[in-house]
Each structure stands twice: as C-alpha cells, then as structure tokens.
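Across the two complexes that follow, chain A remains constant while its partner is chain B and subsequently chain C.
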Partner chain A sequence: MGIADNYSRGRRLLVERPGQALAAVVGVLLVLALFADLAAKLGSGALGVGDVVLLAWRGVVNGLVIGLAGVGLSMTYSILNFANFAHGDYITGGAFVGWAVAWLVAGLGEYDIGSLLSLGLGADVYAPQLGTSIFGAPLALLLGLVAAGVGAIAIALLIDKLVYEPMRGQDGIALLIASIGVAFILRYLIVFVWGTSVTSVADEAGGLRPTVGGVTFSFGYHELTLVVCAVVLMVGVHVLLQRTKLGKAMRAMSDNQDLARVTGIPTERVIKWTWIIGAGLAGVAGYLLILEAGTIAYSRGWILLLLIFAAVILGGIGSVYGAIFGGLVIGLADSMSIIWIPSDFTKAAAFALMILILLFRPSGLFAGRTTA
Partner chain B sequence: MSVRDYLDRLTGTGRADTDAGAPGDGAAGTDLGIVVGLMLAVYVVFVAIGVVLGYDTNGIVNALSQVTFLTAVYALVVLALNLHWGYTGLFNIGVAGFMAVGTYTMAMATAAPDARVPGLGLPIWAGIALGMAAAAVIGLVAALPALRLRADYLAIVTIALAEIIRLTYLSSAVQTFTVFGTQLGTGGGSGIGIEADPDTVVVEFLASVPGLNVLFDAFGSVLSGMGVQQSVINNWYYAFVLLVVVVAYYWLLQRIGHSPFGRVLKSIREDEDVARALGKNTRLFKIKSFMVGCSLMGLAGILWFGSYGFINPNTFLPQVTFFVWIALIIGGAGSNTGGVVGAAMFAAVLFELPRYLASIAGDTGGLPSAPPTFARAVGALFDLEPLAFVAYGIDNIGPLRLVLVGVVLIVLMQRRPEGLLGHRKETAASIGLSRPNRSRETTDATAATDGGEEQ
Partner chain C sequence: MSESETAAADIEAEETRARETLLEVSNLDAGYGDLQILTDLEMTVGRGEYVTIVGPNGAGKSTAMKSVFGLTSHMGGTVTFDGTDITQMVPEEIIHHGLGYVPQNDNVFSSLTVRENLEMGAYILDEVPEDALQAVFDRFPILERRQEQKAGTMSGGQQQMLAMGRALMLEPKLLLLDEPSAGLAPDLVADMFDRIDDINDAGTAILMVEQNAKEALRRCDRGYVLVNGKNGYVGSGRDLLDDEEVRQRFLGG
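Right after this comes the complex of A and B.
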C-alpha cells in the first residue's frame, strides 16, 4: 500500500466519520500526555523505575490470565453468538476442582481426604503444611493444573448438553439470560460445597530478585510459572486454529452458521470443540490465577468476568489474538493506571475503556480477523 | 364471509364477545383478580405452613409482611424495567446502578450537615425528587451514546456503568468532599445512614392524619392483641403504603404503554427500522423511555433500600439487577400485570419461602446439628445419617435458594421464554378490532386522532 493510499484512506476517515477521527486523535493525545506525565514523575523521583516495572509486570501477569480466559469467551461469543455470563464461573469452577485435586495429591495418606477436598474449610489442614508451591509439590500442582482444565471442560460440556443444546435456535439474548441462570447455579453450588470464605490454598514460593543498575526487580516463581504456562497454551491454541481443519471450520461457522452447515461442516462437533478449548483455557487460567494470588474465593471468576469482557471487546469479538492483546491492554491499564488515578478507580478506568471502545469502535481493534 | 366473521372464527370468539379490544380495558378485571388471587394464595400457603409446623403468630405475621414488602419493591423495579425491556426492547442490566444513584442522592441530600457523613440536610421529599432526577440524568448520560448499540453490547455497557457507579461510591476519594463550601459525602465503603428513612417518615405521617390514625390504631390493637410486636405492625403499615405506590406505578406505566408514545415504543421493540421509516425519531423515544424508567428505578431504590435506614455500595451488587430480571422474566416481559405477578412469584416463592421453611425448621428443632463442611455432610450420608446432610442443606439455604433461582431461569428460557403472562394478545391498533359497541366507538375515535398526531 502506497503513501497515497494511506493518505486517501485517512482523508476518507476524516470526512466520513469526523466523530471517530476526533475520538482517535483525543485518544492518542491522552496516551501521549500520560507518557509525558510518567516521564516527568520518573524524572522528579516521585516514582522509581523499579515501581513502574513492578506495575507493568503485574499488569502482564493479570493480562495473561484475562487473555487466556478471554480466548474461550471470544470463541463462544462468535461461534454460538451470545455473551456467556457464566464464563467467569467456569473459571472459578475449574480453579476449585484443580486445587481440590492438587491438595488431594499433595496430602494423600497424611491427612483426611474430606479435609483435603474441602480445601481446609474445616480449619484442620493448611497450605503451608502441604507445601503446595511449585517446589514443594510439583507433581500435585501439575495434576491440579490438568484437573482444572478437565474439570472446567466437563462442567461446560454438561451445561451445553443440558442448557444450551435445546436452545440452539434461539437468539443471543435468550441464551445470554440462560447463561445468567447457569452462572447462579455454578457460583452457588460452589458456595454450597466450599463456602464463602477466602482461603489460602497455595504456599509461598518466593521469587527472583535480580538487581540491574542499582534497581531491584521482583519476579515471583508462581508468576513466572503462570507466564510460561499461559504463553505455551496461547501458542498451542494458535497452532490448533491455524494448522488444523477445526480452526478453519470454526472461522467458517463464526462467519455464517447456515452456510457452514450446508458445506458439510459438522457444526455440533465444532461447537463441542469450542466449549472444550474455551472452558479448558478458562479452567487453567483460574487455576493459575489462584496459584499466583495464593487465595481462592467463590467470586473470583465473576469479578474477573467484566474485565474479560473488556479484553474481548477491545480485541474484537471472535478474534483469538484480539482477546490476548486485549487482555494485556486491560491488565496493564488496570494495574498501571494507579500511577495517574486513585487506586479505587483503576477497575472503573478499565470498564470505562471498554465502554469507549464499544461506543467508538464496537468491532474492536482487530476488526474483521475472526477466530484467527 | 366478512373479515369480522373470519377473525371471530380464527380467534374462536363469538359475536357476544364483550372485549372491545381496547388494550388493557377488557383484561383489567381479570388482571386484578390474578394478582389478588396470587397474593392470597401466597398468604394462605405461608400461614398454613406456619400453623402446621407450629410457628408463633408473630413469626408468621412478620414473614407475611416481609413477603408483601419484597413483592411490592420488586414489583416497582420490575415495572420500571418493563418500560425498558418489555416496551422499548432496551436490554438494561445496570438496574442496580440506577437504583444506587437514586438512593445515594437521596441519602446525601437528606443527611444532616453534622452527621458522621455530612449531607445537605434537605427534607425527605426534596431528597426523593433529587434522587429521581439524578437517576434520570445518569440514565440520559448512559442513553445518549449507548442506545444505538446492539442489545448485547448495551447489556455490557449498562452492567459496566453500574459497576463504575458502585466503585465510585465505594471509593474513599469521595468519602467526604466539599462543593461550593458545603461538605458532602458518600461514606465510601462504610456506607451512609439515612435518618429520615422512608418507612419511618411515611408511617409517622400516616399516623398523624386524622381519620387514618383511628384505622391504624384499630389495626394495630387487633394485631398486638394476637401477640404481634410493634415493629412488625410498622412493617405492615409501610408494606401497605408500598402497595399503593405499586398501583400508582402500574397505572402510570399502563397509561404510558397504551398512549401513542407507548405504541411507538412497542414498534421500536418489534422493528426499529420500520418505526424510523414511519418518520418517528426513534432515538428520542428511546432516550425518553430510558430516562423515565431510570428515574422510576431511582424512586424504587429509595423506597426499597432507603427504608433499611442504611446503605453501602455493596447493597447494589449486580446480582440485585439479575434478581429483578428474573422476576421480570417469570412474569413475562411486556406485560405490566406479568411484572407484578413475577415479582410476587420471585419474592414469595423463590426468595422468602425457602428461608421461611429453613427458619421454621431451625426453630422447631428435631434435626441433628449441621456438619461444618460439605465433605463432612457427605461423610454423614455414607454413615447412613441423611438427616445430618439435610441439616447442612438447611444451614446453607442461602446459596441453595440461588441455585434454585438459576434453575428456574433456565427452565423458563427453554420452555416458556415469554414468561407466565407475556405475549398476550395486545392490540396495536388504536381502534378495537372486534365489533365495538356504541359508547366505545366515541372514545376510540379520539384515540385515533391522538395516534395520528406528529410525535
């Protein structure tokens, strides 16, 4: 594309959509102003380089969790054509199943099975006794990771069978409302079994503390584990969707379901695979989130859900890369906006960002690149 | 065969059919019957359960007042939401946020200037007016850009906005602040007290009205003679007042729904492009409908949460919105009577009945003590002690009740997405389609000229 093309495209944008062009200009100016302010704060010593790196690192870690969970939400949104409000509870469900298995494996033979599966709710066994860190019980944690994925997949497939399959023909709003019902059922069954308390399930693992140029950085081992797992899974999803027929079938279905069916794509099987990939990633994301945070609670996934929606919308619904990119942006915005605004408003800032994207660019930043 | 005959045969109605087709008119009698019958049935069930299981009179009367209160406040919000979703097709899941704006504004306006959280010290009616206005303004702010979005995007925007509102009230930055030299505050996470709470004010006002106070005294002495505490009697007074407000809401929304304005709203719900093609400025209609609904939600929030005398941001969690939605869906979107029925079904059957049963079971005893964890309860099952498991379930009736709510919602969406009373025949034409009688014809003619009016 030549400069002339670019120029005429820009001109057309200015003429046809002055509002959007103005919003874009304001957005760019705002980002520049924020960076100038950041530079000034760094220069005046109000903020250290180490602090900024720490915030950015926290943003990346949270962003990867959001992105990983967002891939599934984005896929179901574009293929089944509804906003799944139960997605956050698939995350929580996977996390609880995964951690129950991790505790069971870590403490089998030494402690009562019921106490282990209750995740210490009866106050008779604690995380430090089991040593549930990646060094203390690597095998238990690995099995827990697998169980989290498998558990979330089982939940999602069962719910698809019972709830969504009989409703295939209905519109997105009906499915959305049904998904709110699913969210209630999952969340409060979890409360029924594990209660509402915030319990500590992962043991401390420490971290790397390199010093570069007189500034000490801190990277927790559990955070690093999360980053490695998330990146590996994202690459895996990329390969799966790009190199296999399944990926092509998914893209076809998100474009036009009826057309996909008449060309011989087994749509029901593709839907099952969508749930398997999406819920599996959600469960693993929940498990890793708990590993990194240390504590588990029934509302963890639900609280994260709006941020995941923000990420998915930012990246463009249906776009897997968009979800990952959106997750990173939302994660960074959530953690780094504390530099400029009071900490009470960081989440509100992320939601506001989502609302602005919905208003000015509802197709997202990666518009038109569905499920790729 | 005339068209009239054909229609009669199609709908199976004879010529003697008295329903002139003027919407709402013919059905009004049966609608009232449905609601009153349902409420009476609920009361009978609660009293029967209480008497059979040997619950004391005060407990039963208290439970009934709770049911009435919850039914009334849910009915208020559901009716307001029905204007958004049932009539205009606006998928608003930020109801809790709009209620928060109304209630908080009222609380901040009426709080005394020297209270823990300082306020403007205005009288309650000014607080209520300000609260409704503030909710309408926030509704306008949300509506201006968002109403052109797809339904599911509007849903996400409204729920995000509700969370932004809640997080703002939660923030310590606005715990107390100063505007034009006046100290104001939201109280942040520790909440704000409402000294002039609606139920105290309303009950005190009614007790001071000559004539009414005699009635009140008679009612109170009968109940207290049955061993009912004064606080429960006061709850009943407030519940009665709320029922009157429900009737007012119902009347207002019926009027809106059947006015030319309401017909345009319904046409937007069915097909916005058609409404636009007919020359209606649908954007303006949607904004008006949204603002009216939001201010009604604000008032409902004041009457509901304001009556507790204390609010904090976590009073307005998103699940409040979902409860209201479930009540609307049970009753049937698009039907005001359905909204009231749904509110009663939700508040009485899904919300209060399980709690009532559990509290009776807890009071009357006979069950072993509940195991501390689910795993222990399952262990008790293996030890052939099913009663211990039941006791665990009763101890945790709160979450189980919400699981039931989810199941009901899903079954409804699968089997009966139009709800109990939704999708009833609603004549869109301003003139009746069945044979009109003489007196009706004149009123219909005026309605027709209204309908042709430029909007």
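Right after this comes the complex of A and C.
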C-alpha cells in the first residue's frame, strides 16, 4: 500500500468518523506522554528498572489467571449463548474445594479432619503449621489442584442439570438473570460452609531473586507455578480446539448451532464437555490465584469476575484466544498503571483501556473468530 | 447381452427401485410451536428417486422437508424411512438411518476449514471415513484443493458444494436439499443442477425444495406442488410441466 493510499484512508477516517480520529490522536499522544513520563521517572531514579519489571510480572501473573478463567466464560458464552454470571462463583467454589482437599492431605493424621476441611474455621490449625507451599506439601497441593478442577466441574454440571438445561433454548437475557441468582446461591452456600472471614491458606514459598546488572528481580515460586500451569492449560485448550474431534465440534457449535444439530453433532454432549472444560479451568484458575495470593475469601471470584468480563469483552466475547489476550491486557493495565496513577484507580484504568479499545473495535479484538 | 437387452434390464431395474418406497409421509400435520403449517401431508420418495417440492411462497415447502428431518413440532401423522418410524426422532438419531439434510443458506461452519467441515459431516462415526471423503473430493475437486481454507471465505457456489459434500460423508440413502440454487449466480445454477443429477445417478435419492420450479421439474422424476400446507398436485416432472393449470397458477404461464 502506497503513501497515497494511507493518506486517503486517513482523510476518510477524519471526515467520516471525526470522533474516532480525535480519540485516536488523543490515545497516541497519551501513550507517548506516558512513555516520556516513564523515561523521566527511570532517569531521575524515582522508579527502578526492577520495579517496572516487577509490575509487569505481576501484570502477567494476574493476566494469566484472568485469561484462564476467561477461557471458560468465553466458551460457555459462544456455545450456550449466554453470559454466565455464576462463573466467578465457580472459581471461588473450585478454589475452596481444592484448598480443603490440599489441607486435608497435608494435615491428615495430625489434625482434626473437620478443622482441615473447614480451612481452620475452629482457629486450631494454620497454614504455616501445615506448610502448604509447593515445597512444603507438593503432593497435597497437586491433589488440591485436581480437586479444584473437579469441584468446579461438579458444581457446573449440577447447576446445568438443575437450572440451565431446563432453560435451554430460552434467550440469553433469561439465562443471564438466572445465572445471577445461581451466583448468589453458590456464594452463600460457600459462606455457609466456610464463613465470611479472609483465611490464609497457602504458606510462604519464597522465590527467585536474580540480580542482573545491579538490578534485583523477584519471581515468587508460587507465581512461577501459576504461570507454568496457566500456560500449559492454555496450550492444552488450543490443541483441544484445533486437533480433536470434540474441539472441532465445539467450534462448529459456536459457529452455527442449528447446523451442528442437523449435521449429527450430539449437541447436548458437546455442551456438557463445554461445562467440564470451562468450569475445570475456572476452578484451577481460582486455586492458583489463591496459591499466589495466599488468602482465600468467599467473594474472591465474584470480584474477579468483573475483570474477567472486561478481558473477555476486550478480546471479543466468544473467542478463546481473545480471552487469553484480553486477560493479559487487563492484568498488565491494572498492574502497571500504578506507575502513573494512585493505586485506587488502577482498576478504573483497566476498564478505561477496555472502553478505549471497544471504541475502535466494538466487538472486541478477536471478533468474528468464534472460539478459534 | 446386447445393448437393447442391457437397456431393457436397466429400465426394469429402475422400475423395481422406484417401486420400493424409501420415505413415506402420511397424514402429517406439523408446524412451529403452536402454529400449524402442514395439514394432512402425503408424500413418498422411492429408492434412488429424484423428487421435487414446488409451490408458491409460504406453501410450506421447507417446512415439509424440515418435518421429515425432525426439525418441526409434530402434530399428527407419521414419517417412515426405510421401514423405520422416524416421526418422533431428533435429527441426531435420524442421521443414523441414512438421511442427509442440506439446509438453505448459512449451511457451512464458516470458521472451520473445508476439511473440518467435511469431518463434522461424519461426526457420528468413530473414524473419518477416508473412502467417503475421497469420493466427495472426486465429486467436488475444488474442495480437495481448498481443504485448508476457512469455509466462510469461499464463494456461495463453493459453500453449497461443501454443504452437499458434508451431507454425503455418511453416504445417505436420501439427501434432502433445501433450495440448493438460492443465492447462486445465474450461470452457476445449471452447474448445481448437473451436480445434483450426478449425485442421483450414483444411486442417492433426492428430495429437493426449489424456487426455480421449472428447471427443478425438468430434472426430477416426480414433483409435488404444495398449496397452503396441503398437497396440491402430484405427478412426474414432465406431467406437471405440461399441466395447463399448474403452469398457469404456479409456474408463471
């Protein structure tokens, strides 16, 4: 494309969509200003390279959790055609089940089973005593990870059977409202079992602290565990969607459900598998999030859900790759905007970025690439 | 055997095949939700026969075809296919009995590749049937050349071929075609009809709904004219084309 083409395209944008052109100019100037400011801060020593890397790393860690949980939300959206607001509580439910199992395995024989399963509700056992870190109790943590996935899957399949399956074929709004009800029920069932307090469940694991060129970086072992698990699972989802018969059927269903039905694809079975994969990822994401954060609370998933929705919408709702990419963008924006603005506003910055991107790509960055 | 004897034997075989009923629709009442579209529909398709349904807009042509494939609300009557009562079956079960359905428009998985589309056609089998796949590629060579292309990026005519190819992956005894010429450029319409003739010549029975009524009746063995969801006229394609009343009322003179 020649310069003349670019020129005429730019002119057309200016004439036809002055608002967008203005926003684009402001956006570019803003990004330039932010980078200039960052350079100034680094130059004056107000901010070290290590700090910037740390913030970026935190952004990637959070982004991968958001993305991993978002994959499930996007999948169920594209195949069942509704936004499942209970997804956040699948995350919490999976996390609680997973950590209860991790505690049970770590403390079996030494502590009361009830205390372990309730995550120390009787205040007679604590995470440091159990040593629930990846070095202190690797087997317990691995079994907990599996249990988190299985727990969330069990919740999702039960809810589908009781609520969503009888409503199959109804429009997305009815299902969405039902899912908000499901979210509340799940959350307060969790409160009923585990209470409302914020509990410390994961023990400290330390981390790598390499020093490169006089700058010390910090990568927690639990963060590294999270990153490795998340990347492996994301690659797994990619292989599933592209290479397996089930994955292709899922993409076919997200393309055109009526056609899938007349082609002989067993749609109900594919829906069940969609719940299994989506909820399994949500449960594992919740478990890893708690591993990295250290503490668990009944509202963790619900609070995270807002960021997950932002990520999924940003990436183009229905697209699995969009969810992963969107998760990273939202995670990085939330984490790194603290360089320029007070920490109270970082979430707002993430949402502002989402809105800015949606102004230009109203259906998201990966729109039209359903599931694929 | 002399040539005339072979021809006579062919005709006899043809007649035997035609006598054998593959699909039988009797007293069928059907529609969508509470809305009844079809009343007392009677229709048969013989083994290897080529049957067309024509009629004015809103006559229930597509509904008749969808009813055969379990896509409407059943309100009465029966549909029997190859000796099995399929009236209450869902598409997923019907497809196991040797019926294939190609819907009108939007009939490919646009974000899947050509090959993946064809694989989906054989979903109910454990393995992709390589013979059937090769047969589809031989019939539509363009699909073999474009295996890795996303179906949504192909032209309307190619998508129609892909949709037919997908339905042929299970080598059905009867292929249901809903308006196969809809949306095609005029010069591609004849080609599409030729391909349907080829599929039929290979032994697959065809039940087709067509707007292009004259061409469809010229090609088919037998035709049904539907009027207001009821049987109007029935006869060989030639007889319907020659029928003064049918011509005046439904074929634009």
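One rule holds in what follows: the second predicted complex is superposed on the first by the 338 of 372 C-alpha atoms of A that agree within 3 Å, B and C clash if a C-alpha of one lies under 4 Å from a C-alpha of the other, contacts with A are read in each partner's own complex, and residues count from 1 in each chain.
The rule is short, and it goes like this: a contact is a pair of C-beta atoms (placed from the backbone, for glycine too) under 8 Å apart; a residue touches a chain by one contact, two chains touch by 3 or more.
The structure displayed is predicted, hence computed values, not measured ones.
Enquirer: Look at where chain B and chain C land on chain A after superposing the complexes, then choose clash or fit.
Expert: Pair status: fit.
Enquirer: See if chain A has more residues touched by chain B or by chain C, and give me that chain.
Expert: More residues of chain A are touched by B.
Enquirer: May I ask you to decide whether A:D344 touches chain B, chain C, both, or neither, giving the answer as first, second, both or neither?
Expert: Once the two structures are laid over each other on A, A:D344 reaches chain B alone.
Enquirer: Given the touch rule stated above, what does A:I180 touch, chain B (first), chain C (second), both, or neither?
Expert: first
Enquirer: Quick test of understanding: once the structures are aligned on A, what is the angle at the Cα centre of chain A formed with chain B and chain C, as a multiple of 10 degrees?
Expert: 90
Enquirer: Looking at A:Y188, would you say it contacts chain B, chain C, both, or neither? Reply first, second, both or neither.
Expert: After superposition on chain A, A:Y188 lies in contact with chain B alone.
Enquirer: Does the superposition put A:P166 against chain B (first), chain C (second), both, or neither?
Expert: A:P166: touches chain B, not chain C.
Enquirer: Answer with first, second, both or neither: which of chain B and chain C does A:G122 touch in the superposed model?
Expert: A:G122: touches chain B, not chain C.
Enquirer: Between chain B and chain C, whom does A:I355 touch in the aligned arrangement: first, second, both, or neither?
Expert: After superposing on A, A:I355 lies in contact with chain B but is clear of chain C.
Enquirer: Between chain B and chain C, what is the tightest CA to CA spacing in Å in the combined model?
Expert: 16
Enquirer: Where on chain A do chain B and chain C both make contact?
Expert: After superposing on chain A, no chain A residue contacts both chain B and chain C.
Enquirer: Spell out the residues on chain C that touch chain A in their complex, using ranges where they run on.
Expert: Contacts found on chain C: 69, 71, 90-92, 95-96, 101, 103, 106-112, 116, 119-121, 123-124, 166, 170.
Enquirer: Looking at the complex, which residues from chain A come into contact with chain B?
Expert: Result: residues 82-83, 113-115, 117-118, 121-122, 163, 166-167, 170, 172-178, 180-185, 187-189, 191-195, 306, 309-310, 313, 342, 344-345, 347-348, 351-352, 354-355, 358-359, 362 of chain A touch chain B.
Enquirer: Of all residues in chain A, which touch chain C in the complex?
Expert: Residue positions touching the partner: 245, 248-249, 251-252, 254-256, 258-267, 369-372.
Enquirer: Could you list, by residue number, the parts of chain B that touch chain A in their complex?
Expert: 91, 145-146, 149-153, 155-157, 159-161, 163-164, 167-168, 170-173, 322, 325-326, 329, 372-376, 378-379, 396, 398-400, 402-403, 405-410, 413-414, 417
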